[in-house]
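Should a chain be cited, it is by its letter among A, B, C, D, E and F, assigned in written order, with residues numbered from 1 in that chain.
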Amino acid sequence: MVQAEIKRIARDIRTMRTRGAGKIARAAARALKLEAATTRAKTPAEFLRELDDISSLLLATRPTAVSLPNAVRFVILGAKRERGADLQTLRRAVISRADEFIRDSRKAVERIGEIGARRISNGDVVLTHCNSDCALAVIKTAFKQGKRIEAFVTESRPMRQGLISVRELSRAGVPTTLIVDSAVRHFIRDIDKVIVGADSIAANGAVINKVGTSQIALAAHEARVLFFVAAESYKFHPGTLVGRLVKIEERPPKEVANPKRFPGVKIRNPVFDVTPPDYVDLIITERGIIPPSAAYAVIQELFEWRPGEELV
Amino acid sequence: MVQAEIKRIARDIRTMRTRGAGKIARAAARALKLEAATTRAKTPAEFLRELDDISSLLLATRPTAVSLPNAVRFVILGAKRERGADLQTLRRAVISRADEFIRDSRKAVERIGEIGARRISNGDVVLTHCNSDCALAVIKTAFKQGKRIEAFVTESRPMRQGLISVRELSRAGVPTTLIVDSAVRHFIRDIDKVIVGADSIAANGAVINKVGTSQIALAAHEARVLFFVAAESYKFHPGTLVGRLVKIEERPPKEVANPKRFPGVKIRNPVFDVTPPDYVDLIITERGIIPPSAAYAVIQELFEWRPGEELV
Amino acid sequence: MVQAEIKRIARDIRTMRTRGAGKIARAAARALKLEAATTRAKTPAEFLRELDDISSLLLATRPTAVSLPNAVRFVILGAKRERGADLQTLRRAVISRADEFIRDSRKAVERIGEIGARRISNGDVVLTHCNSDCALAVIKTAFKQGKRIEAFVTESRPMRQGLISVRELSRAGVPTTLIVDSAVRHFIRDIDKVIVGADSIAANGAVINKVGTSQIALAAHEARVLFFVAAESYKFHPGTLVGRLVKIEERPPKEVANPKRFPGVKIRNPVFDVTPPDYVDLIITERGIIPPSAAYAVIQELFEWRPGEELV
Amino acid sequence: MVQAEIKRIARDIRTMRTRGAGKIARAAARALKLEAATTRAKTPAEFLRELDDISSLLLATRPTAVSLPNAVRFVILGAKRERGADLQTLRRAVISRADEFIRDSRKAVERIGEIGARRISNGDVVLTHCNSDCALAVIKTAFKQGKRIEAFVTESRPMRQGLISVRELSRAGVPTTLIVDSAVRHFIRDIDKVIVGADSIAANGAVINKVGTSQIALAAHEARVLFFVAAESYKFHPGTLVGRLVKIEERPPKEVANPKRFPGVKIRNPVFDVTPPDYVDLIITERGIIPPSAAYAVIQELFEWRPGEELV
Amino acid sequence: MVQAEIKRIARDIRTMRTRGAGKIARAAARALKLEAATTRAKTPAEFLRELDDISSLLLATRPTAVSLPNAVRFVILGAKRERGADLQTLRRAVISRADEFIRDSRKAVERIGEIGARRISNGDVVLTHCNSDCALAVIKTAFKQGKRIEAFVTESRPMRQGLISVRELSRAGVPTTLIVDSAVRHFIRDIDKVIVGADSIAANGAVINKVGTSQIALAAHEARVLFFVAAESYKFHPGTLVGRLVKIEERPPKEVANPKRFPGVKIRNPVFDVTPPDYVDLIITERGIIPPSAAYAVIQELFEWRPGEELV
Amino acid sequence: MVQAEIKRIARDIRTMRTRGAGKIARAAARALKLEAATTRAKTPAEFLRELDDISSLLLATRPTAVSLPNAVRFVILGAKRERGADLQTLRRAVISRADEFIRDSRKAVERIGEIGARRISNGDVVLTHCNSDCALAVIKTAFKQGKRIEAFVTESRPMRQGLISVRELSRAGVPTTLIVDSAVRHFIRDIDKVIVGADSIAANGAVINKVGTSQIALAAHEARVLFFVAAESYKFHPGTLVGRLVKIEERPPKEVANPKRFPGVKIRNPVFDVTPPDYVDLIITERGIIPPSAAYAVIQELFEWRPGEELV
């Protein structure tokens, strides 16, 4: 039986009290660790059944965020490897993997900032879209290193998260310019590098990110402007190895315009779009720089996947 | 001396009481006609000086709208052709050209609708950007002809004129979908044709239009979606024949975001961008369909320009 | 009332006893000339009505061949220019224009051969598709001039007119290789120039020709192989100036496969496809070499069209 | 000495009594298994020599089919790994690998159908070329899952294997349209996905398949239509790791046209062409989805190849 | 009989005592004017024969410079138009056309500088290749207007005329950077505009200029850097209207390397290459800005050519 | 304390007495081996400190040649793997790795010649740039195998190393043509394959090589000409895995032109440029053929790097 505390964790994710790819993932790891620490299971089999129940509970909270199933999978793999071992060993394995995930995901953003900053040169003008911790870490780290750089930020309709990025960069002292999403191609020749985050990265190196990203990537490609993606490695999507499509969430129309004022009009509000690997120069992760063509090998290694296996 | 009524016309343009490319142009033609009808000039020379004064007054009202100088130039050419003639002939020439301009510019949108509708096929999904009378005329005319078509309209930040288009199309019965500007590439494979207006068309066929247009054109080009521009012929920019750059107006930052809430942040708000001729399939005018490669010849003919001549 | 002889000419076109773009066009010119020579009309108005009747009769025979309406239009223009003149002048104008058309269209292929051969260099390997008199004239003329050249010819399914071209070139002594349509990209790096005919050329320089042409043009473009179109100037399509679409004829399924052996299967058999002007290097006509970007001006001049005019 | 039964297997492959990439490969595995089961060799060395003899015999039957050497290599690797072991262990290793190959290759098509169907969406129009079991499995599986899809099939000259595909899809209930090879670009904007098979896949992800494939891929790429390759993993070509070129077989001219009717004309009939990896979106195998950029790693793993090694 | 003075003019061109496209052209015009002024011809026919003789003499001096035949053609047209007139009228026509050509060609460079400078913005970094008066005029005029601009100049092997440009720009005060020809793509993202001259411009807008130009244009195109050509209108090549190829001169190997030090090695030294119109944004002439797609119309107008006419 | 002999080795590298990527790398390996053979260290720790000192000494000699740090890293890894072992084992490990490196790097060029020659077909015209042992090995090996091939070589300004290549190929009997760097695009359609060396290969497959390489790659790509890179595997740059930029060395201006003759002129002389992976078809190494998309995996394997690790 699932504990009250774990239920609360799941509920907080579902109700978006806990939000942001990183926080969600760490909360899930914490829930599994809690179970391992406090389980009343008597046998390994019983314990594994409990883990399965909790996994199902967690996975049902938010269907499209890949960081959540990735955290669960990472922790559960610890137990699976010890299959056949006694209960204590299993519990320790789960706790240790959960701790590892939590620790690593916290360090990842900082590390991405360091690695990515190596690709930002003095004098660069960098454009970012929406509000990505990783992308901003790269810009801010480069700036802190004393590089004289500037930032362009898109508004990022409909939720206008670009305004959050503008504030964050401005507060860090980076000279920042705000533009509407439509103005990217107009300014692209003034930009040296584009750097965005990712919600999911497919096995072929395609990047699923905030809607508009693929348009920016296309404009950058047209003008030979470098296009970087900054993302923790748990943003890679293992299901794409066996052909699963990444579902593109559509959010409520009202975020775009008040539907009542436009009766009979359909309002479509996709949150993400897909940037093909051809337009991505590098993916900056905490594990190093990954060209999109290496996404397949990286996912295979990260998720200890063997060809032919169906990922659960 | 310029009459009170003509001064009022100029003031209305300057204060934007009279606005919209077509209305501004027709008002300017009317002002010149008024002068021709009521002038107290005694000699042709005197009359021509008056026309020059009025032209200067009108041209000073709005520096970037090409429809205005084009209207003035069109009317004045009527007088220039009669150079050497007596006063009556000159006055009649000006009145006749002004009437011609006003009449033609009114019919132009309707005619563009007819011609453009020939390129819209049954079942087409058509995307438009911002709010162009000509582009909407094409869509609505095709729809009235019984073609089952659908429209996608972008929001068109920052002024969101796309909402006006949505209402206009919806009211005409066209099934219409509203999307944010960033979502164009996401939906582009569902689109059969893009149709937009133009604020200015250069001698090389480049199209200056609402910011974001060039990004849509690029996405359409990438996916082999046809890209049409619908514009009255007085949108062609004769100055580009002799190398004049079309100035891209930047409007107040507050249209994008409240500058006070973003101290230290630069907000740039270009109104237009430039779509290169390579991404334009056809320009639909009231004179017929013009491929961008014919823009040079069309401008030369329209403005009765001889190579080498500096356009005033 | 239309004469028996003219009816016979129309019938021969309709039943395809008279066929081939050039022959059809000349037959139509002949019909109009015959009428002008033998009319019993008493007044100019009566004569013009007769011409209209005959035009309608002729135009109804084959709806999509542009050479036919172009011949009719060319001849009729002779009369139209003399509008207001007496009957004799009108009749002479029609006869003279008909003679001019017939004479010119006969010389055109030969002249195209001469002009086009200038663009074929010693040692060239030239690929052609389907069976175009003009394209073959270029190859054969260059060969007769002593240039050591080779030809590749596609089979051109479904009617396999490529086999006719193979025989014609082989008989002329040109070393010739036959390949299936699918093999073009495989061999394209061995090809120096592609030369094809045209059924219709639009105002934007797009070329409507035998299905498969656009695929060859794409493969040539990808490999920087020059792509030439050889066509008489009456293949230019004036209706495209005012937005008319060139209809792509679909022929009976049985040309592709026996429908009875494939019950429930749809067989589609478009005869032509559209090659965009970006993939066309030059259009070789009897009037000289025309880049696709000049098609608009050429059509305007050829058909004495004034912008705004609706072409009948 | 090679047994009569094994000789028969080799003869059947050579005479094409046994044909199709999968059947040939399985027959070869069976031959090696038979030898392992019934050998009269007294020592491991003797047994290995026998295997070498049989391999040579089998490899000589059809020089260009990569599935055959891949099957042989797969089975022989089982013995090689046990090098140093006793005769019984060696024999068991060969038998076990042969069984594994036969079993896996049978399941592969079905599994490819399942994985590939995940990438086919409701409403998709899918185009296929020639006659590939794997490509058809994807279409048919998606259709059986209740997705409303349609298929376009090219005739695939000269052997017209497209007609076999048309029948197979039509029999499965899939609404199917037949077109000639030349018509692909004409219809490509109506297509959502292209899916073809492969005869061989190189280390750089280039796909060798039925002639015409690369032209379709190019047209798909031009129009942003997804291009999928469906193939069992034994279609990967290990020799390309060390620079071996995949030989493009040319078949008899008579398949294209009767050479006697075209004396002096060369008829070239390449069976395959090479599609560059840039035009391939995904390779669907029984082991999962492989982006072309991962082909190198996949071949290395599949054939247990170490860099520097010359593959026999 | 040709006069001694005219022979001397021809000899000076042949021996390169008179050199540079503009000087050669003006010398030829002067020769014809001299003949018109001093002829002893008694009849129009005799005078025209003399002009033909002189033309032949002049055209034989340098076979590939298009400015020379263009000057001759321009002047001769003056006489041709008066065909049927008396001797005095003919002579006056030739003299007047020759004067017009000389005067206009002198003013052209200056005018090109003015028009072109309108396309150079404050802060621009402009790259030029080889040594073109027109291209340098644009840069220097913009600089004199007070625009803060910088220049990059390529060495332009083998003759290294880039060094002349470097000196000229440096002397004019323009901050100038010299690079080798190979370094263009490395620096292209720092460049805002490329501006080069032209030796010949074809009817399709293709530009024949110093070898290396097409490579720079390609690199500029890849990076969305504007590519301008600055050239007097007599650089347009009328022969291309009827399919004549512009011959690419190959100069002596010794300009590249001492052939004696490389026995058995072939050294090829083409002076020019062909830049396709797709990579040219604008052609700046003294008559205004011409997009490459308008080259056909411009040549037609400049040379008063009627379609179908063979240019002598 | 570092021995005199080792100091001499370092000095020879620094003073360029020892030069060429291969020779430098082998000298460094030799220095480490010498230390291992003759060390007076008493403990493993002491020995490891000595190795660190020598590494620092060697790495300081030439900052940008990746072959040098790669050789050091390769040898040191031998010791690191044995960490915890006794002194003798450590010394033996270092000696054995040094020998392995020296032996392998010597064989590499020969092996690259063999592998690469498989991709050169009879009749090929191959272009090379600058002077790469590996690229020339491929051409010469193919020629020795009896393939009738020809070579084009660029001059390769400013140092003109192309002249060395011309001599080397000519001496080997290969028909060779010398051209200036600017002429590549002019001749590219006559070229079947381009083959160049590399100074460094990044994790994303980008190739750093002699300036001008990227321009040639671009022209080859535009014309569908295959572009091969031939390089020993120690040219792969492990630092790029963690985002380190490959520094592009700029050499003294005087190599381009005498700065004294151009006072006030900046002369920039970058030695290398970066060719993006999209323009590279294959990388030919002694370990086999590597598509640029596999560079990441190859570097990871070659340098036994684990994701997340910072490379020293």
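Operating definition for what follows: a contact is a pair of C-beta atoms (placed from the backbone, for glycine too) under 8 Å apart; a residue touches a chain by one contact, two chains touch by 3 or more.
Because the structure is predicted, anything quoted here is derived from the model rather than measured.
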| item | value |
| --- | --- |
| Intersection of the contact lists for chain A and chain C | B, D, E, F |
| Between chain E and chain B, distance of the C-alpha-averaged centres to the nearest whole Å | 37 |
| Chain centre separation in whole Å, for chain E relative to chain A (CA means) | 58 |
| Separation of mean Cα positions, chain F and chain E [Å, integer] | 44 |
| For chain A, residues that touch 2 or more chains besides their own | 222, 278, 293-294, 297 |
| Pairwise touch network: line, ring, star, complete, or other | other |
| Each pair of chains that touches, named by its two labels | A-B, A-D, A-E, A-F, B-C, B-D, B-E, C-D, C-E, C-F, D-F, E-F |
| Sites on chain F touched by chain A in the complex | 203-205, 240-245, 277-278, 292-297, 307-309 |
| Chain F residues touching chain D - in the complex, by the definition given at the top | 111, 115-116, 118-119, 121, 233, 278, 281-282, 284-291, 293-294, 297-298, 301 |
| Interface residues, chain F side, partner chain C - complex | 188-189, 192, 222-224 |
| Chain D to chain C touching residues, read off their complex | 155-158, 163, 166-167, 170, 175-187, 210-212, 214-215, 218-219, 222, 248, 256-257, 262-270, 273-274 |
